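A, B, C, D, E and F label the chains in the order they appear, each numbered from 1.
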């Protein structure tokens, strides 16, 4: 590989797994945002949207699941560091053109390592929970476009891409 | 809604959240399979594939993460039942045309409810872990096409769709 | 003590802690119901009840917390057995005379030991979550009357008391 | 509502659930104390008190359960922040007039948010564990008076009420 | 390797990790026993033994930790199956000749796979907890001889060796 | 006891369990290293070493298990504090003379209390996972010599002993 290529952070020089030693990094504010979509049959989305309570409760259950999983990212992703998050947000936007639900998350902390995985984990679990809530209506739903759209803080600086799907 | 429309299983008649009471169902063999993809820059995939050890360890870490998360699905997805899985498999297929990694999972149990969420959770966590392992090389990776391709057992019978993306 | 007094199940003959060995018991259907109350200032209850969405979301968050904790009872209460619950229900009844919220839970399984602790854990966590949701409005809330009102199944048979506070 | 009424911290302006973003708060020392009671039949308390070892082990098991649960409060209460506690104490006082056991807890940390829920969770789990330890002797035990009696630190300052039941 | 050599259960034919698919095995009663030792300075053991309460509480805390960890073995050991244990016992024998504490565990279930790892996990966590309780007195303690001494049930039949160290 | 003897940190003056209140300690850098061995039959070690992939995957699975458990030490060891680790390393050295595998771990954080238990927990879980991976080949494996070899930071200063078995 070219000598200026970025190197593996989770593999040592022999390719063995390793957790990054972040002891030498200073704690700084870190933020991340991720997005994703649950694509579903038009009737499934219609069913969610036709009842105000149903819509509220499907999405609130998904929101809680996303928030709760984000806090446990370090338990679930083997080489992540334990991070005491100061903020986790999960939001939803039904989209009849998709058709389905668009998801956004935002995570924040002041620590020695970033919160990108926390943001992605929040979206993934909120999306899985939407699937669970609706799967008796529609087994063909699909989780799509789960990706990072923003991160700031840390040595590698700011990353930002369009959050449009 | 038409009277023969499938009904919500996780919302009661007033739209409140509920866990399904499966006490009246008989334990039967249940199996599920899910798929997904991690799309990445061509160079990222090349980096994974160029070292036999690196490739092995990225994918083995992702496999363990997927298996371990599948076992904890009921902790993570709020209205899932605790299920003692008898099998969890996670497999990978690098695809230079994608480019990226294709993921498949299979879960099995003999219980009163299905293991679809366990299969989806396995794929989602394996994919998140691939993201984590490679994120220093490529922040634009995207989790795509996470969906159920097969389930059998239980009152609703067998569901099967093509597992091609 | 009189020889017919009930004996400790979680202490051995020398008073040391023990988990009950339930290997010799047959799996039978077990059900339990518990109740409890969160007493609060009249204005706190009014605030919860005045907004349909607020009321819904405070109670739905508490319901999910109660259900999720019930599934993890065996992790939290040191000498409980792991039990795959087939049903967990948590319900609420605002009571302006209390004033506050009354809580009920129901748990069910087919196993070698009962689900009383699961029912009590569901109520306790739903009540703690109501406290958390409302604590910025009212720090004087009080969790009261958390107790078992019904259990059936197992060697000790059925227990039932009035569920009125 | 009057404009100076305290506002929901866990609901946004549309009533949707949210975790408080504490990023802008400074870490300060936070302490909280909670109390509660397990009321039981006079003979149940007598049985606990008549054996020094039994009494010790019932209460020590309850103490460990309370301490261990307090550390996991953020996993259990959906919108709590992860907090690295610097101290958790749980203590007990048998009371023949109740009759039953009185419980007290104290939690402490230096962080951006308070430890009230941690103190309440400690008492609730210690009380549930006493119930579990003694339930073969007495199913009519009742968890009562679980409430906050003190908190200090943070923007809202000190709160203190009598810890007498 | 000779064709009759036992084969890897957790590696597939290409050496990749796998969880055993136990779906085809019948549930049968499985039991396992493990032992271990915590060797310590003579004065450390003396300090534990000189106070009846201290001795009781050090060992009871270790016992609870061992029991609680055994129940979570499937979360901790990546390729273990979730098993609803019907019994977990942890016992201790101070030994002045060692000097130190000898530990024994017993686990039992009726399932498709064995409980050896649960027995070993119980001993390991009880021993780690003894270390934690006494480490301010003695940092040279050593965990030794943690091994299986008995297992029964399942296709591979009964295994038994002397439990003497 | 002599008045200058070190005192129990996890027992109060009456011998009751307690978690240490570390609120008054300043956060400082803490590091710990532990070692251990899995002794096995010569053929078992040979089987591990004869296949490059098998060897890699047995050890990588054990490494991940050790790292993941270290992060959860405070959940597993009842009186440990939650500690956000900045580094966890687990390494292995096959030793044909043992015969078996030697394990080393290193943990690090900047906090008010040390990470000795985290280092020991990492070794114990990596060793348990090696046992699990190889148990179908050899049930006589034994976990030995799990002990602390180094710690620095904190009031009690540096501790270092030879890491040779």
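To be clear about the criterion, contacts are C-beta pairs under 8 Å (C-beta built on N, C-alpha and C of every residue); 3 or more make two chains touch, one makes a residue touch a chain.
Per UniProt, the chains are A, B, C, D, E, F = Cyclic pyranopterin monophosphate synthase.
The shown structure was predicted, so the numbers you read here are calculated from the model rather than taken from an experiment.
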> Common contacts of chain D and chain F?
Replying inline: A, E
> Using C-alpha centroids, which chain lies at the maximum separation from chain B?
Replying inline: D
>> Taking each chain's centre as the mean of its C-alpha atoms, which one ends up farthest from the centre of chain C?
In response: F
> Which integer distance in Å separates the CA centroid of chain B from that of chain D?
Replying inline: 37
>> With centres defined as the mean C-alpha position, give me the chain B-chain E separation in Å.
In response: 32
> Which whole number of Å gives the spacing of the CA centres of chain A and chain B?
Replying inline: 16
> When you check chain C against every other chain, which residues touch at least two of them?
Replying inline: 16-17, 53, 56-57, 60-61, 64, 68, 72, 78-79, 82-84
> Quick one: do these chains touch in a line, a ring, a star, all-to-all (complete), or other?
Replying inline: other
>> Show me, using the given definition of touch, all chain pairs that touch one another.
In response: A-B, A-C, A-D, A-F, B-C, B-E, B-F, C-D, C-E, D-E, D-F, E-F
> Which residues of chain D touch chain F in the complex?
Replying inline: 29, 60, 63-64, 67-68, 71-72, 82-89, 108-110
> chain A touches which residues of chain D in the complex?
Replying inline: 16-23, 74-75, 78-79, 81-84, 111-112
> Within the complex, which stretch of chain C touches chain A?
Replying inline: 53, 56-57, 60-61, 64
>> Residue numbers of chain E touching chain F in their complex, please.
In response: 1, 5-11, 14-17, 36, 43, 47, 50-51, 53-54, 56-58, 61, 64-65, 68-69, 72, 76-80, 116-117, 120-121, 124-125, 127-129, 131-133, 135-137, 139-148, 151, 156, 159, 161
